[in-house]
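Each in structure tokens, the structures are laid out below.
Two complexes come next, and they have one chain in common, subunit A, joined by subunit B in the first and subunit C in the second.
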Partner chain A sequence: MSDADREWVDTVRQRLIALGQTSAGERVLIAASALALSVFVGTIIVFVAGLVATCRDPVLTMGGTTLCYDPFFVFDRLFLGALGDPLAGGWSPLNPQFALTLRETTVLVFTGLSVALAFRAGIFNIGTQGQLVVGGLLSALTVLWAAPLLSGGLGAVLLVPLGVTAGAVGGGAYGAIPGALKAYAEANEVITTIMLNFVAVLVTRYLVTGPFGDPNSQANQTPPLPEVGQFPSVVFDPRTDFSLFALLLAFVFVGGLYYLLAYTAFGYDLRTAGIQPTAAEYGGVDAARTIVASLTLSGAIGGVGGAVYVMMILGKFQTGVPSYGFDGITVSILAGNNPLGVVFAAALFGVLKSGSTVVAFATNVPPQLVGVLRGLIILFVAMPEFFRLVGRRLAAGQEETGAAAVGGGADD
Partner chain B sequence: MPVSRRTLLGSLGAATATGLAGCIGGGGGSDAAARVGMVYATGGLGDGSFNDQAQTGIVRAEEDLSIAYDESQPESTSDFGTLQQQYAQSSDPDYDLVCCIGFLQADALTENASQYSDQQFMIVDSVVDASNVGSYVFAEHEGSFLVGLMAGRLTTTSFSAGAGSTAGDSTNVGFVGGVESDLIKKFEAGFTAGVKYASDDVDVQTAYVGGFNKPAAGQEAAISMYDSGADIVYHAAGNTGTGVFQAAQEAGRFAIGVDRDQSVTKSSYSDVILASMVKRVDNAVYSSVEDVVNDEFQGGSVTTLGLEQNGVEAVFGQDLGGDVPQEVKDEMSTARDDIIAGEISVPTDPNQVS
Partner chain C sequence: MTDLLDGRPSGRLLVAGVAALVFVALGVAALVAPESQVGRLFGIVVSASTLAATLRLSVPIVFAAIGGIFAEKSGVINIGLEGLLIISAFTAVFGADLTGSLWLGYLVAVVASTALAGLFAVVCIEFRADQIIAGLAVWLIALGLAPFGSQVIYGGPNTKSVDTLGTVTVPVLSDVPFFGALFDASPAVYLMFLAVAVGWYTLNRTTFGRWVRAAGENPKALDTAGVDVSRVRYAAVLLSGTFSGMGGASLAFSIGQFTGNGPTMVNGKGFIAIVAYLFGNYNPVGALLSTALFAGLDAVQLRLQTTDLYALPDSLVQTIPFVAVIVVLAFVGKTRLPEAAGEHYESGEE
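The block that comes next holds the complex of A and B.
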């Protein structure tokens, strides 16, 4: 390596470390500029795509060239549409589109928290999707089994908590498997959790096509849950499949996890194991136990996400569960693995998800192009956060070698 | 749930949707004879099969009946309800008909049909029992019978065309299904019945690969069928069937396509595709739109589109069709007439094939 190269590497390293030290205010500013930049790049892409595409009724015709999509209108629909047009008169927060945004946000808060918790323990849990699927199926089956036993008011009070608990148990047990494999057999959790996702999807598909399937339906699904076995809609229109109770439950989990990580001995063990496993073990942390416990807890939160999906959105378990678990990974990175940040990251995802349906409805932009825009926005907003985490790692490394004394190494 | 709150919030929802649609404006024009919303199945447009076929129908309706339409492609099954609602709620433009393509939409539609009782819906491939929903199902077994008859005839003779040939001494054909469900079993039952109608001595090997988008698994299943003597394999497995075509090319045997004329949509395999059992989803869409335009839409009715209504048909491959012997074609068209006349009854359950 030449001197110039070394100097260049050093500059990059110092920049990253500096990025790792940014304050909360600066980070919000960075995220906002990244968002603006992604919209700008997206606008160009939509414009070019609109020139190339052929369509029935172009928005603009200039001589021989036609513009099929209006980029400004696309972004207007993507963001304002997702909120139900707050700038138009007569806006109410109860509008169905905003309910859809909150509905998606709610499930993503759970999956985001699930991934974030494992991340903080230094474990890359890619298996949240599988844990969500298993939790979702178990909660559906539990509610279906318990519904005839609990009649009247008892069912209305007990069925939903029972389903949530079943989801947590299912997801937790399914998370414990890769935890135990990592702790006692040194199996890499990235490999095992990815593979267990397939196992979850295929086993649940077998179960709902065969033994637990709905004989009255061509689809691969369980029989529908009774009305009392679903999250009751309060305030919002019941047709929107959104329940404030589920969102409140998500906030309870956010608060609980924040408290657990920041103020409990277990949370301290978990964080130290995540930052420096050998030092943690030297300090008296039972590494194996911490790994199993954190993956179990992570899986349980994912499983509750599955229970919410089943009991609030679908009203049954059906194969082809959307990729909430995988989106949870991005939500977590976007949030810097901070439970409080997960709420905002999940909200951004919820807006994008709900906004896409508005774009699909209001414009003739193909869903693939909307997917590209969503990906761009997420990439732009997540990357500074990703590099910030890298910078923190670098700073922590320098501290160890005593090269420079900058800030603490703990992720917040 | 109390009805009063629902109505209140419902009108509130409609009001916001109005505001939303107001910004959209334009597109299509208000002089259209009717306005139709299309909610496709999850495979999306460009699948060369089911959804594209549905789109063909609405495009034809736009040209012939001067209607206007908008379309939505859901990302996952949980989007069906939302998209159906978006069309049902919209009052500017007001949609006269919402077309729901694919049986997976049935549950969401059952719920929405009762919530939006003055919106007309139609569903393809499933039956929703509601007074504002027209259901369109196909007699897949009837069309499958005809291609089965053809396969049964050709496997017992020495026949070669394009890149394939049959072994005269082999009396063996195959069926590859996507997911083992009542719907796909109708294809199997009709095909097997057609083969047995041609000759009782011909064996039918069947396999279900467990998915509609698994070309590799389809190829594996078909290879093992060709290896154990099958000359012709019929698939009812969506994109999984692409693997069946590949296997046919490798083995120098024949395949039969499904849903659309696959010798056209998958033209690189046209040298092994003898025929396709075409499901005219476009006709279902078109006739429902036509009924709406003529004010004859029958909510609550179930329309079965069989051979008689041209809902299903056996279409010969664009390259190999000419090589199929005329006597086989004649026999197929006689069988078609007999099925329509009720003289041949085609079973819908493989267990009932005698």
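The block that comes next holds the complex of A and C.
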């Protein structure tokens, strides 16, 4: 390495450090503001939807118009409902709704980490959904195949790790495809990963309706996994389909990824490639290899998410996998692509997903509301300039309504 | 045609050449053995009903692709075309249901899609958002909002049914074998051809088109010439919403309903549109031709599902268009983006 090269690398390192330090606080602030703004816009949407919808018992009637949904009640249910009403008496953290929140959070940590890792390498992995689907199916098939071979205690100890590994292998291999296409054919990964999501859904549908389908069921699914091939529930009621072991595994992945990114040579190469690809290559980073490795690893994490979904929640593989992968994009962006931030963003999104079922039950507001919030959050986090502008106006003490007007313009 | 091959000739030529070779090989095999499987496959490929289906399937993709060309040529990569198609497909049906008129529904869809594109433009141009992330947000917002709206208004992810656009049949010409399908088609198909012509003319032969290209290639020069770069970009992005709106409305009115389960009825067409215009080298005519390739494959796979020609399962046959997109993208490789695409432009005067 020549002196000039070292200088380059040093510059990049300084930029990295600067990026990490100066903007951490600001990023948290922007994420929080984006979230608040999303909830605000969501409230307006619920209000408008309440005016449009027809219902038997409106919450408000004014003249000829009726309001079917109470936006405040909706968001009360969304957040407090997801936790199992902590403000009411006799609250226990073991309540089934809170277990559902933790369950969703667990899968979302994996998909969030998957997207975040790729983002750090400067790669948009929109394919976590497909990688999760492939990993989930491979893990189910592996457990079904291995279960008869491993009897008694051996099965209880080995089946779950085996399934998790299979998920990682499936997701990793499926992530390697767009990685290789990007590295060696310069095919844009945003498009290839989205196309591969469609392919994953269709191919797995074929596999579970045809060769690996459950002969005893009409649904497109594999036969059910044996009890020993699923994450055991501890403390929580087994009926909640939540296992603390899976959440623990998620935390292990968070720690592992944090360490990988911050303290290893590979993590350094990966981040450098993400921030300054030409400088990275100049500094001796093999760009093509880093791209393939990042997407493979990203896919593997998504695949483990699929394994957890199959072995903790469903107990089999079934078509129509919920869009954890797309939620993972929001989780990662909200977390500033930081592994530790992913925990909080995933918990928040777990609340939204779990809360949406409470909302649908209590108010008739469609659970697709969360889908809308998912997009809004990404949009608002993507425009930090807006919040800086508002922040500057507030700081300058200009009590102009200008900022509010700008906000209104961006909301519609 | 030369325009189509400008970018990196090798990849484009290769794909076009292979497609042509496969077609010729099929034809020769069909001549030698008309009753063989290959012969019957060729019969399906060159049937008028396959051409009709290809045209029908092309409509939303071509509209979105033309819109995408305008946005990207001006320097704003609009990866949210899928979202624009979704929102317009839903609002088209809602508007038609509300007003009782398909063409008013069409208008509602165009307005809704243009408004969403406007939001995207503000976020990208005013607040300097990362264009890719903002585009993904547009897609995800529409993916949530349309089924949400359908659930609120119609009580399910699928809307009620409205009329379809029907077909306009040109007498005599529609009786021509094979090409007759061109003259016995939905008004949306004719609109699509018109949009290609208008899009090409606007981009290549008008002052506005020159501004759009300059805003993407050399915004500083445009600024120096006294043209507001931001305004040109706003106009181009709004246009991408208008074209996509026509595409989404045409899609919904081809069956007279919006279906919102999973990826909705749009099902990746907006993303395929992006590949179509990349493969078509940002030329509306090129985009039309490459869309015809993807939509043609889709039409053939739809026909294959209804015949017993091959015992391939439907799910696998349905992957053909998606795999084709990936293969094309891999062969075309890196396309030459407009110089300033994806970058925010700051006028020196501020």
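Of note:
To be clear about the criterion, the second predicted complex is superposed on the first by the 302 of 412 C-alpha atoms of A that agree within 3 Å, B and C clash if a C-alpha of one lies under 4 Å from a C-alpha of the other, contacts with A are read in each partner's own complex, and residues count from 1 in each chain.
As a working rule, a contact is a pair of C-beta atoms (placed from the backbone, for glycine too) under 8 Å apart; a residue touches a chain by one contact, two chains touch by 3 or more.
Worth saying up front: this structure is predicted, and the values here are computed from it rather than measured.
Looking at the shared chain after the overlay, A:52 reaches subunit C, while subunit B stays out of its contact range. When the two structures are aligned on the shared chain, A:192 is found in touch with subunit C, with no touch to subunit B.
When the shared chain is aligned, subunit C comes close enough to touch A:379, but subunit B does not.
When the two structures are aligned on the shared chain, A:181 is found in touch with subunit C, with no touch to subunit B. Legend: residue contacts after superposition of the two complexes on their common chain; A:329 is shown touching subunit C, with no touch to subunit B.
Once chain A of one complex is fitted onto chain A of the other, the partner contacts of A:369 are limited to subunit C, with no touch recorded for subunit B.
Applying the stated contact rule after C-alpha superposition, one finds that A:124 touches subunit C and leaves subunit B untouched. Looking at the shared chain after the overlay, A:269 reaches neither subunit B nor subunit C.
After overlaying the two complexes on the shared chain, residue contacts for A:70 are found with neither subunit B nor subunit C. For the contact definition in use here, the residues of subunit A common to its subunit B contact set and its subunit C contact set are 205, 209, 320, 366.
By the touch rule above, subunit A contacts subunit C in their complex via residues 45, 49, 52-53, 124, 126, 181, 185-188, 190-192, 194-196, 198-199, 202-203, 205-206, 209-210, 320, 326, 329-330, 333, 365-366, 368-376, 378-379, 382-386, 389, 409-410, 412.
Across the complex, subunit B is touched by residues 57, 59, 76, 81, 84-85, 88-92, 94-97, 100, 205, 209, 217-221, 224, 227, 233, 236-241, 309, 313-314, 316, 318, 320-322, 356-358, 360-362, 364, 366-367 of subunit A. Every residue of subunit C that touches subunit A in the complex is listed here, in rising order: 79, 115, 119, 122-123, 126-130, 132-134, 136-145, 147-149, 151-153, 157, 262-263, 267-268, 271, 274-275, 278, 313, 315-316, 318-319, 322-323, 325-326, 329-334.
Interface of subunit B with subunit A (complex): residues 1, 6, 9-10, 12-13, 15-17, 19-24, 26-28, 42, 44-45, 70, 72-73, 75-79, 81-83, 85-87, 89, 103-104, 106-107, 111-112, 115, 126, 179-183, 210.
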